[in-house]
Amino acid sequence: MSLIPIPEDRRFKIKLIGYDPGRSRPWLERFVYSLYVVAFWLFVIATYAGVPALFDWLGWDGGWGYVVMRALQVVMLFLLSAVIALMLILALRKYLGKVQERYGPMHYGPAGGIQTVFDALKLLGKEDFVPAAADWLTFRLAPAVTFVSSFAIFAVVPFASGWTLADSNVGLIYLIAVSTLSAYGVLLGGASSGNKWALIGALRAGAQMVSYEVPLALVFLSVAVWSGSMSLGKIVDAQLGVWNVIPLFIPFVLYVISSLAELKHIPFDFPEAESELIAGYNVEYSGMSFAFFFLAEFVELFLLPALIVVFFFGGWHGPLFGLEPGTLAAGALQSLYFSVKTAVWVWIFLWIRATLPRYRDDQLMEFAWKAMIPLALLGLVLAAYMRLIWR
Amino acid sequence: MGLLGSDERPRDIILGTLDDLINLARSRSMWPLTFGIACCAIEMMATWDPKVDADRFGMFFRNTPRQADVMIVSGTVNKKLAKRLRRLYDQMAEPKWVISMGACANQGGPFRHGYSVVEGVDKIVPVDVYIPGCPPRPEALLQALLLLRDKISDRELRYKRPQEIATDYDVFAEPGEDGRIPVL
Amino acid sequence: MDLRIKRERLFDEDVYTVHPDDYRALCEQLKKDGFDYPRAISSLDMGYGLRVVLQLTRMSDLAKVEVRTDVSYDVAAVDSVTDLWPGVEWHEREAYDLMGISFRGHPDLRRLLLEEEWDLHPLQKRYDTGGYLIPDWRPADWPDPAPWQEPAPSQEDAAPEGGEGE
Amino acid sequence: MSLLNEVWQAVKAIGTGMATVHKRVYEEAPTEFYPYVELDLPPVSVQSLALVENEDGTERCIVCLQCERACPSQVISIERHRNPEGKGFLIDRFDIDLVNCMYCSACVEACPVSSIVTIQDFELSTYDLHTLKADIDFLHEQARRSKKWYSPKLGVEIRTEDGRIEKAPPEMQPGGLAELLKPAAEEEES
Amino acid sequence: MSSTIGLEPVLGRSDEMIVNMGPQHPATHGVLRVVIGLEGERITRAVPHIGYLHRNHEKIEESRTYFQVVPFTDRMDYVSGTQNELPVVLAVEDLAGIEVPERAKMIRTMFFELFRIASHLVWMGTAMLDLGAITPFLYTFWDREIILGIVERTAGARMLPNYYTFGGVRRDLHPHFFKDVAEFLDHLEKRMPDYEHLVLENPIVHARTVGVGVLSKERAVARGVSGPVLRASGVAYDVRKAFPYDAYPEVEFEIPTSDAGDTYARFWVRFQEIYQSVKILRQLLEKTPKTGPFKGRAPARLKISGERYRAVENSRGELGVYVVGDGGDKPYRIKHRGAAFSNLQVIPDLFIGAKFSDAIAILSSLDPVFGEIDR
């Protein structure tokens, strides 16, 4: 006999402890999700304006103080990326729910607001497992490499004028290097798992990387030629009059496609390919290692649209209503413009994810080598000519 | 099956509370394994359709057993499948739970007299919640998932979990003299 | 063409009962007659032996034909017709698996539904539903006379011509 | 030009698809909010079995064993003894193994007195299979809980507020259309 | 265990990777296992393994009466519910000489076509899921949910209702049945353009399916495939027209065929079949008498001798049954001829030489259901 006594009426009842008593409340959803947005915005302000102001006030802004300040900003950005991931996962699930005629998470927390927190906590308490056939060190390292390489893009993203960790004059080269690295994490993770599906996923990731990296670099080159700089801040500055999307339309389209490929996002999610490779490169990962892959994926889902905005949609440009550029208020407003533009692009990416099926992997390669590279070269030549004519 | 790997009821207040928190999170984020077997699998898919929508409770499918928490055995398990099913269960990362969906998975159902049908999946893996029905309607599966949720988050129920029934089940047994693969 | 064969009409099908040695020859004849669509191979335990039932359709005029042949428990084997109709491949494997009829010349005669380790053929009547031997089961006597006319009275009668009423 | 046209067609098709998907955002979802809102299942729906007693608490079942014989899954087992006073039989044991039942309602079809009926209570999930080995008390309890049930002989029956058992209105009955159409036809005649 | 793999590594070939797909794989629609030899992404060898859902239908049914066999047949092709009951019912009616009233035939046909739509909707959703699109799955399941609601109101269960019986159907229609079906058909006709946008017109679906997995006409016939797979290869063979049963002689419909024989053609044929089912249902809603008998006279104990093969055209093709009766009330032998069983045999033909991603698309276009394949 079981240890559980049979109840008197032989029935086990569910506890009705969920939040929502049987109907949706759109206003509540909007309120809860706007809290996430506000948290995100405050984090951005605190990172880029608050931390320097704090060190300014402390009077510790030279030498080691600068290093500590930057380190603190990186920690803040790490927290910010966690907020972004929680927010985007929830947004993805709610948006998928909406377009699929259902509601998505809605019973845990007001309007499902803390669902992703539960998910994260669960993954924290889940067994983190290294298969016997796996190469221990590489297997453990791969999620970290993936996360760090997507997280490193934060360094050059300008949230407002001057609000960037390193407005390097080789920002574009840095980006190319870092985005190549992100494929390495997938490659290492897949190849070290000792699983054939993961291996196929890793091979696909490698093949995919070499096909989209070349047009991506050419697009970067067109942007650099047109803007006359490799610094992301200067690229944004150069878009004060007209956004790059108008003169650089061909590179813009190619960049969106390459971003989808780099994100391993539908229609190009070959390394993961849920229905083909089960879970692709992360098939053997569980617990926190898997959570890091997940985190990296969603941080990239924020950062690549952010780069689209930086390169083609004027970055943080927008009407300032007479505010003095460089002040806190102007910076906050600019970062808001930037975030809204990014949010629109994130939404477009989610929308694509909700609609489209997946291409076959060799079709992307064929498309990249036969169509995208010639087009990217064309875009580069056009950009150079336009630069000669108009600037 | 707590965070600290102990089945004893934790006496420490702080660790006990932490354990409760983790279990609360576990109970609110149960990801089932995509493993459809038979008729019940269609109703299992229907549990995630717009009408019932188990995603409201934060559940969605993971394809790989490493990332799944709940295995829903949705259909008849025969002796050929039993080995694979046990293997899938072993591949799942702890903590893990099993829901036996439908008559066939519970005790073989209408097919229990047959020569190759395993009479109940609880002979192979420990089962936490059983659903009667052939096939159970999607709401019944949702009820079972919520019963499992209560079982995970509720201390009283959790520590009264039935122990592993099937430890002595040899899934790689050699066939007996009559050619049948022995079950138990 | 001395096929040991009996021909009858059941509902909308022509039924040929054939000696197992002539099974293959009859099938080749039917293939030549244009029966191109294999519906199924069924297998029966008749109590005195095993029976293979091959069901075919001719796509051009939708004529249906059924070929039956009885084999004894001891020599439960007939020629495979997989090369004539590739579609019977799994049906023959299933008949081998569940009923224990071997098909000579089958390219890949393994068990289909059960595992290789099994050595019973559960659809035989000597096993009960649970797959256990029924202790007091004995094979019946082979029916006498043989169902086919032996030898065939005339060649025109014996040669199969496909659907009736052509 | 044909290449450009092809590209344009592809972009247009993808755009149409995306618009098709996004327009659902503005529609109300058909979700039924199961645990919070009670389901209203049709009265013929077979979710569980019950043994109905008469209004005065006497047994409807005459222990004829028809259901036991009809059951394809062989889950009903009944023991009976001859009634010492009067005709018929009395129940010793009436067990339905709801675990292995395939809910095909063959027993309900077979029952000559509409004692065994189908009910709509599907919330039988359990931590322990023993709760599903239904004995006669459990089956009676299931019937007492339910507001409506179905059997082919008597159609859908409902239990009223004051505990009486009545035949349900024709809107709930299978084949109730004949009865619903009759008054209309009579009106036309008159 | 090596003998069960059926695909031994070739000595000296280090460029081939042997991958075991299934029984738990999201794209196998159940418990199919295919052992695949991969050279890069190209499939060199493919050996399908079935039997993971073998539940002894044929043996168990020998120990049940004819009435008890019917609910068992439900469990074969579980996606298309009542369709499976019909071959047994028809064969036994033939052998026992049971008359079926006209209205009962029409009711049967209506349920048959409703389940065909339901089954094709499930196919559409899962096929798109295999191709990577998640959203159509939810749409089709909601539409299927409406069908199941209509079925449940009359037949008592959503999926496996055990509704047909010898001589007709078990119970009369729900009073709102005609209204419900008419409303559903209107709803479906509104939704079909959306499905066309998302599936047939989608350029990515084109890229994934056109010219992939071509099954020639001759090969299709010789392999014994049936249903949409056969018709997509250009053979207009449909049991509903070839050997009509129930109310099919009284309705007008076409057999959609395509000569391409590729995966896209199989997708297209299933879409057209939904339209044809809608057409059939609309005609039957007009023709079926609102009231009348729903069941003919059938003996309470059926004793049958003789043999009969009857087939129907279910959602996957020719679903046949070979019933042998020995004069008792239990069948001596029942052999089910599953349509998906024969259809699945073409896996090696179609897989070898294709890309691995193509294999997923091909498999979803074959639409296997393992209850029927493994029985």
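Letters are used for the chains, namely A, B, C, D and E, taken in the order the chains are written, and counting of residues starts over at 1 for each.
Going forward, contacts are C-beta pairs under 8 Å (C-beta built on N, C-alpha and C of every residue); 3 or more make two chains touch, one makes a residue touch a chain.
Just so you know, these numbers come straight off a predicted model, no measurement behind them.
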For subunit B and subunit C, the touch-path distance in steps comes out at 1
The chains touching both subunit B and subunit E are A, C, D
At the largest C-alpha centroid distance from subunit D we find chain A
Of all chains, the one whose CA centroid lies most distant from that of subunit B is C
The distance between the C-alpha centres of subunit A and subunit E, rounded to whole Å, is 43
Separation of the C-alpha centres, subunit C versus subunit E, in whole Å, is 26
Chain centres from averaged Cα atoms put subunit A and subunit B apart, in whole Å, by 35
Subunit A touches at least 2 other chains through residues 2, 4, 12, 14, 18, 97, 99-103, 274-275, 278, 354-356
Listed in rising order, subunit C residues that touch 2 or more other chains are 113-115, 122, 129
Residues of subunit B that touch at least two other chains are 49-51, 53, 56, 63, 80, 110, 113-116, 134, 137, 143, 146-147, 157, 162
Here the pairs of chains that touch are A-B, A-D, A-E, B-C, B-D, B-E, C-E, D-E
Subunit C residues touching subunit E in their complex are 10-13, 36-40, 42-45, 53, 55, 59, 62, 64, 66, 85-91, 98, 108, 110-116, 122-123, 129
Contacts from subunit E onto subunit C in the complex sit at residues 3-4, 6, 50-51, 54, 56, 58-60, 62-63, 94, 219, 221-225, 235, 237, 242-243, 306-309, 311, 318, 320, 322, 324, 332-333, 335, 337, 341-342, 344-345, 374-375
In the complex, subunit B touches subunit D at residues 50-53, 56, 103, 106-110, 112-113, 122, 128-134, 136-137, 139-140, 142-144, 146-147, 151, 157, 162
Subunit C partner, complex, touching residues on subunit B are 79-80, 113-116, 174-175, 178-181
As the complex stands, subunit A meets subunit E at residues 96, 99-102, 196-197, 199-200, 266-267, 269, 273-276, 278, 354-363
